[in-house]
Amino acid sequence: MALSLAVFVQIIVAVLLVIGLMVGNAVVMVYVERKACGFIQRRPGPFEVGPRGLLQAVCDSMKLLGKQIFVPGNIDWPLHFLAPVVAFLPVLLLYLPIPFGPYLTSLQVDDGILLILAFAGLGAVSNILAGWSSNNKYGLLGAARAVAQSVAYEIPMIMALLAVIFMTGTMNLTTLVEGQGGWPWQWNIVRQPLACFIYVVCLVAETNRAPFDLPEAESELTAGFHTEYSGMGFALFFLSEYANMLLVSFVCAVFFLGGWRGPFLDGFWWTFAKAYAIMFFIVWIRWTFPRVRFDQLLNLNWKWLLPLSILNLWLTAVVVKLAN
Amino acid sequence: MTVLDNLAADWKKCGACVVSRHDFRKDGLTLSAVTPTKALKAAAEALLRAGYALLDVSVMEVREGFLATYHFDSFAEAGRTALRTLVPFEAPELPSLSGLFQGAEWHERECSDFFGVRFFGNPNPVPLLLPDDFDGPPPLRKDPAALAPLSALGLFGVPEILDPAWAELIGPGGRPKGDRA
Amino acid sequence: MSGLGFINPFGVRELPGTTTGDFYTANFAQKAQPGRVILNLGPQHPSTHGVLRILAEMEGEYVWRAEPVLGYLHRMHERMAEVKTPQQFLPNMGRVDYLHPLAWNWAYVGAVEKLAGLEPPERAQWLRTLSCELNRISSHLLWWGAFVMDLGGVTPILYAFEEREKINDILQIITGSRLTMSYFRLGGVCADADDRFLALTREFVPYLRERLKMYRGLVTDNVILRRRLEGVGPIDVDMCRRYGATGPVLRAAGSPNDLRRDVPYGTYPQHDFWPATGFPDDCFGRYLVRLAEIESSLDIVEQAVRGLPPGPIMVDKPPKANFKMPAGETYFAVEGARGQVGVHLVSDGGKNPYRVKLRAPGFSNLSLFAEAAQGTLLADAVAILGSLDLVIPEIDR
Amino acid sequence: MLRAIIDNLKGLYSLLVGLSITGRFLLSPQRTVHYPRQVVAPESLASFRGPLELVPSADDPAKTRCISCQMCVRACPDNCLKVVKGEGGKAPAVWVYDFSLCCLCAACVEACPASALRFSHKVYLTALTRDELKLDLLADLKARAAKAAGGADARPPAQPPAGLEPQARL
């Protein structure tokens, strides 16, 4: 695809929309997460600001915007301020190939998933920069954990997605969705349950969410790599965490849950509904389970998920070969 | 109670000055001994061998000096015992038991904080509960006028006095007047 | 890099001309091996429950040496005991350990009663047992929640607080307060149990038994929790003996030591219960011991409500303001939620005690942390710290 | 190997059990009592120890039973009471109680030979400065008597903000 003016304008518009989506998503997810956690813990969650506390997230973001940026002495200035930006920016790019609806794709590329997987790795870089530049031992430990975790979990994640790609023979996300039907039994999750399971586990680990939130393990490392960030720096990490969550949920919806296809009335709402269902599941497990230990996290990956995903890939390959 | 008899015998061998039997229901102790400071470690070692644990170290200021009381308890059977030793105000130095009972380290540091006594052999003799820059007198030191003599405190149950010097310190009958029991 | 032998392998730069950390860090760093990081956990750290500070010498994620630094909550209760009459000092006992204040109430009151030869009436004894056990349950419940929170599970503590609130409501009826209770008096207790108290207690026992099943499903059987705890931080009886550790830590190590059984006080000889033993000596064992103790305390509460005799709650002639203890010495210990709570009381016959030494179980239990945490991962050290059930005000006194 | 697989499957099941428990709580009602909108039931506060108050004498609700004997002052571990005997008779002229120092230990209540002291059940007492917590109990007694004379309940267990129903608890 030539980069014509039309495509350029399309990308600009898309980026703006994606920024809007990210910010909107963060506001919604803060509210949903706090309410869900409140209800699980049998308390009301935010309820003072606005009707049923709906404006709480808006208030919080205003507060974060207005806060003084407080930095410890002797930090690595350029890196310290680069880190939140590095966390935030690639996410913009990652949304481009996602097919939200039949015609609602920012950038039609044939190997969209490659683009996503390639740039998703940048998230770990921002964590390292943040932890390293903060002149804080907790931050450093958190950064070290973030690297090991993200490197490890990317492999089975890719393997799991690769199994689906083997099966469908395409890396184009739109084609992937079109290959699945509207009803749940026509989705890829039925044909690739193991891949879906592996992907969901990796998704939680990749986004550093509990029970795999080791880089920011509160009871061990206070806040891990972002211990020393306040105000907007912290807000950007926060924003990118939710944006990343949404992104991997979209990928999961597209790959395994039939994307925009639904039993009736296909459209982007199905993508969103499925993605947010996964988001809610992530929130739910966060408020249910204790955290795993770091070596257990890596063991789970290298000893179980990786062999399983290879096995799954191999089986898929054999089945695909035989079927052809 | 053969364990206690053995213990009493061990303590006597170590050179205890006084070995007292107590009424547990009243004193919360079964057996206690006063040892010279030098023999404290040997006496504690007998307790370690007999399976006792160190509960706490409690220093007390009396007219004669600092009286350190080490409380021990056995996990196997009931029967708290105590070892005491008296050090003069001029040389408040006690041997550390932290080589035998590692838990003693903290108790000793606490006593150093509160009374200014020193425990030689303590592996980490820095303030424990008080700040490192605390510059008052040790907070549990009493006014010299308010100090009670050893004989007035009724510490010795039914004593068996082995060191005649202690007969005077303990006073007549072991238990002071005004005791209801 | 500073002149304190503190070498930082990651190259995190220190401000030129400043030393690293305060007196304690410097003291700790003297023995540190080059190439290791000294990490300050606390005094404001999410898993130190208040103001405990742990200095840890780390190599990567491994803790090679740890040293707790105490005293951030030190209030010198022992001095206050020397300048107040026993009755005046009683409210302090609720503040030493705010999670199990009634055990401390009992320890001090019991010591004074022993010395003065007071024998509280039967009903007061039963009420003491009843309230102390309810309080023990609430202490263990809070520990349960806080421990799971140390392991990263935030929700259970809120569930534990539901039950705790119920216990607080029940105990408030007789003690008048919800946290720093001061219920025991020399020669009895200060308020009698009314019908509402008894009815609520009766209701509470089956309710909590039902909830404990939920705890099991949510936390105890959870595979993540089990793998975090099983085999982590073994503490055996010998180690307990060397450090003087008591209570659930010792019982998990395998010794059935429980003062309620071994040196019966109050009405415990009349109750049918047995100290919880037979668990592994690791963090998971300590976890199970405390849950088992909640159940055995529930049994005691049930029996106490059933067997509560009528009668007075105070001795005939309660000690007045001019009460003087006879000269003498005594040591009275009770089984608190964390271990042996001991009071060593010496009186010279005056109005105020001559010397009071408070033996806090958490103090001895924490002292073994340095040894138990040696060579563990940071996450395991946090788990071990949590499994010791620390209440910092009690340790610092 | 097989054992480890079975263990892991069991572990996965235990995670599902956990999810079902929190899922159930997610849908069940909340336990929070929103303070300004709801308050706890008055009977839960029946024995709550709030700041001290004086017990009115049997014949006159504005008069105290206090005989200024200073027993409470002596019993108090925190020195938070100040009682000054009035001119002529035993009735006190000044009765100041510093709630900011009080530890609610009941030593004064138990020491009082005239049973002139008791704990109030004021849970909602707030103050902006320490001085506001120095309570004049004689004035408080008079105020309560005046209120009682006005027909209101002489001793409400707790005063919920107006217009709000107390929510039953326990």
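Letters A, B, C and D mark the chains as written, and numbering starts fresh at 1 in each.
The working rule: contacts are C-beta pairs under 8 Å (C-beta built on N, C-alpha and C of every residue); 3 or more make two chains touch, one makes a residue touch a chain.
Note that the structure is predicted; figures quoted are calculated from it, not measured.
A.B. asks: What is the chain whose Cα centroid lies farthest from the Cα centroid of chain B?
C.D. replies: A
A.B. asks: Name the chain with the Cα centroid closest to the overall protein Cα centroid.
C.D. replies: Checking distances from each chain centre to the full centroid gives C.
A.B. asks: With chain centres taken as the means of their Cα atoms, state the distance from chain B to chain D in Å.
C.D. replies: Computed value for the inter-centroid distance: 45 Å.
A.B. asks: So what's the Cα centroid distance for chain B and chain C, whole Å?
C.D. replies: 25
A.B. asks: CA centre of chain A versus CA centre of chain B: separation in Å?
C.D. replies: Here the centre of chain B sits 64 Å away from the centre of chain A.
A.B. asks: Name the residues of chain B that each touch 2 or more other chains.
C.D. replies: Within chain B, no residue contacts more than one other chain.
A.B. asks: Could you list the positions in chain A whose residues touch two or more of the other chains?
C.D. replies: Counting only residues that touch two or more other chains, chain A contributes 40-43, 287-289.
A.B. asks: Which residue numbers or ranges of chain D touch two or more of the other chains?
C.D. replies: 8, 15, 18, 21-22, 25, 31 - these are the residues of chain D that touch more than one other chain.
A.B. asks: Every pair of chains that touch: which are they?
C.D. replies: Every touching chain pair, ordered by label, is A-C, A-D, B-C, C-D.
A.B. asks: Taking the touch rule as given, give the residues of chain D at its contact with chain A in the complex, in rising order.
C.D. replies: 8, 15, 18-19, 21-23, 25-32, 34
A.B. asks: Which stretch or stretches of chain B touch chain C in the complex?
C.D. replies: 24-29, 51-56, 58, 60-61, 69, 71, 73, 75-78, 80, 82, 100-103, 105-107, 114, 124, 126-133, 139-140, 142, 148, 152-155, 175-176, 178-181
A.B. asks: Chain D touches which residues of chain A in the complex?
C.D. replies: Residues 36, 38-44, 47, 284-285, 287-289, 304 of chain A touch chain D in their complex.
A.B. asks: Give every residue of chain C touching chain D within the complex, in rising order.
C.D. replies: 84, 87-92, 95, 155, 159, 162, 166, 169, 172-174, 176-177, 180, 182, 185, 190-191, 196, 200, 214, 217-219, 221-224, 226-227, 321
A.B. asks: How about chain C: which of its residues touch chain B in the complex?
C.D. replies: That would be residues 22-24, 27, 67, 70-71, 74, 76, 78-79, 82, 111, 114, 116-117, 237, 240-246, 250, 255, 257, 262-263, 326-333, 340, 342, 344, 346-349, 354-355, 357, 359, 363-364, 367-368, 371, 396-397 of chain C.
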